[in-house]
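Input: one structure, supplied below.
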């Protein structure tokens, strides 16, 4: 990815397109006061339920602070940070984009705070009769993530591990964020989709979950770091501490995440 | 900065070319639909009063105030496999989401109100006496509409069509929810830019540049048409 | 037929052959009448028939495109995107309109767009367009009012000729008595949705049915208080009348009964005199209308020239007592 200047030019060139229907973008200013302000947390969309649950805890532990959550695909969040949109914490679903930002000196050191695995889901009534990944080769409507998004590249890994050629599958859409996949399957528009265990957890009864063989799994490791341009580094660190604490880890586990990798 | 050479290079990628071709074809289809269906409706709204008119107008303008994502969900609820019309459509062998038809539908849904609104005021601005004169000269409702109302309102209709087309071309939020994103099938230019922004910026920028040039060309031709129209009719 | 209008209902019962001029104050319903006949407005009740064909009434409601009327609109309503010839041909059902263009003297304008034509030319295109329809009835809504006064006279004469030639019944709405008189032998006066007088122009002048008709026809109407054959006008001057009366009256004097002279004529004391100033001089073909303070006179062009009549010139207006009529005022 080229420098910030070029990225800004690109963004100026496509105002209307992106304005139509983008996810929420955060542009609040963090307060420079030590006591109180707004903490902007940019998190991969798979973290929606878990982080939303943690935010009030942070706010009660840190009076005067409000948490502003921005959930999008990890790649979209990275792009926003590159454009200089106000962010304090960046939590991604894979190491790719944090490493990219670190290379651009826009992100500090990262901490791996959770893991996630993939599952295959179908609508509750399973219209296409899918019981294994192999069944997908019979032509059911499958929704996956775009390779540019972590869930998409993890899915490619899983399929490769299982020796399944993606072109033998009836992929009808490559979504820009994992929640898009979840919505389409739970609404019954797609016959199946690859999402994170945490997403399946959030969808509950509205979907069937098909576990993947352990040998084929791609384990997603979630790193989190403080944005270099942040004016709230202390508060940001306290957020990271909360996530790494047993309280934070319990919340993540309850939503289907695996624990932070040790070591 | 990007140069013209970069743009050409960017256009070399199949992702870019597929996206542009798809956007062009679907947006023009959507334009045809909204003009064919919307023009008679705009004529009715612009030239007569009837009970319940404000309800009809509101229904038409609704997509204008809906966030595109909500519009996309609305389309799913109506036309999705499990949607209101899903059963009937499936029986006909028609499953709309994830298809090119879904793209056209999403574009038509969000862009029609722009066209209908413009067309409505263009028709309302046509002197009533012109329509009355046509009737006294033996033209029924249809002939009056086709031979008098449309030519006289042509400039406003053209401007409305340009607006509608531009909106269809830039449509993103409803499309990605209702139609999804798949190269060559449903990945329109705006979606390609959004997804490719990070992984293939050359292609993304090239696509964006083409879209901007196309929109500018449309605006320019509307302006030129306006001046030509004035010359055509002579001083009032 | 009847139809509710602003503040009153249009209630008209009318038969026409030949040209009929319809006059009346604005808002009287004249244009509405034409549009009701053409089918552009719908009556709430009543009957419209043309040549034995029922257009409205008793369940019938023929749409305008099937009633063969030739409608000429006040501002002509020419289609701006079509040439003059194409305009004329619009209702001609494929017939060649060349002869019609020639007859109205506009065939040299056939390819021109309405936007480039003068008012008089546009009027002729509008008339040709209506005639090309081979209508059974012509309806003209103030066909001359959009023209400037200088052109109006000539065009009025032309139009009257064309209408006479076609032999079609024609209803012409106009707000000018002189135009009405020059276009037709029969003048219909409408007030507040009703017909108040219907007859030759001369009769309107001689025996106006209402105050509006009197004023409209150009009768001078001087208000005052009568006692016997003397009337004290509101302006303070005393005049003699032929019909004795008492109380508030209006003295009606026809414009051509008023003669003008530079000074009071000697020895003719039976004449009423008013010293007035000329306000406007309007030539109307072979006579000249002279608007004075409070009354109008009509003289020959020769007299007007001899008297050097111009706005601001003082003159004496005179008329015989027997030339006036006295009508009571409410």
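Just so it is clear, A, B and C label the chains in written order, and each chain counts residues from 1 on its own.
To be clear about the criterion, a contact is a pair of C-beta atoms (placed from the backbone, for glycine too) under 8 Å apart; a residue touches a chain by one contact, two chains touch by 3 or more.
Keep in mind that this is a model prediction, so the values were computed, not measured.
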| item | value |
| --- | --- |
| More contacts between chains, A-B or B-C | A-B |
| Innermost chain, where centres are averages of C-alpha coordinates | B |
| Chain separated most widely from chain A, comparing mean CA positions | C |
| Centroid spacing, where centroids are CA-atom means, of chain A and chain C in whole angstrom | 83 |
| Whole-Å gap separating chain B and chain C, where each centre is the average of the chain's CA atoms | 53 |
| Chain centre separation in whole Å, for chain B relative to chain A (CA means) | 34 |
| Two or more partner chains touched - positions in chain B | none |
| Chain C, residues touching no fewer than two other chains | none |
| For the chain B and chain A complex, residues of the former touching the latter | 1-2, 67-69, 72, 76, 80-82, 97-98, 170-174, 176-177, 179-183, 185-187, 189-191, 193-199, 201, 204-205, 208-209, 211-212 |
| Chain B contact footprint on chain A (complex, rising order) | 1-2, 6-7, 9-10, 13-14, 16-18, 20-22, 75-76, 78-79, 97, 141, 143, 146-149, 171-176, 180, 183-184, 187-190 |
| Footprint of chain C on chain B - complex, ascending | 127, 129-130, 132-140, 147-148, 151-152, 154, 232-236 |
| Residue ranges of chain C touching chain B (in the complex, touch as defined) | 35, 38-40, 63-71, 73, 75, 77, 79-81, 90-91, 93, 113-116, 129-130, 133 |
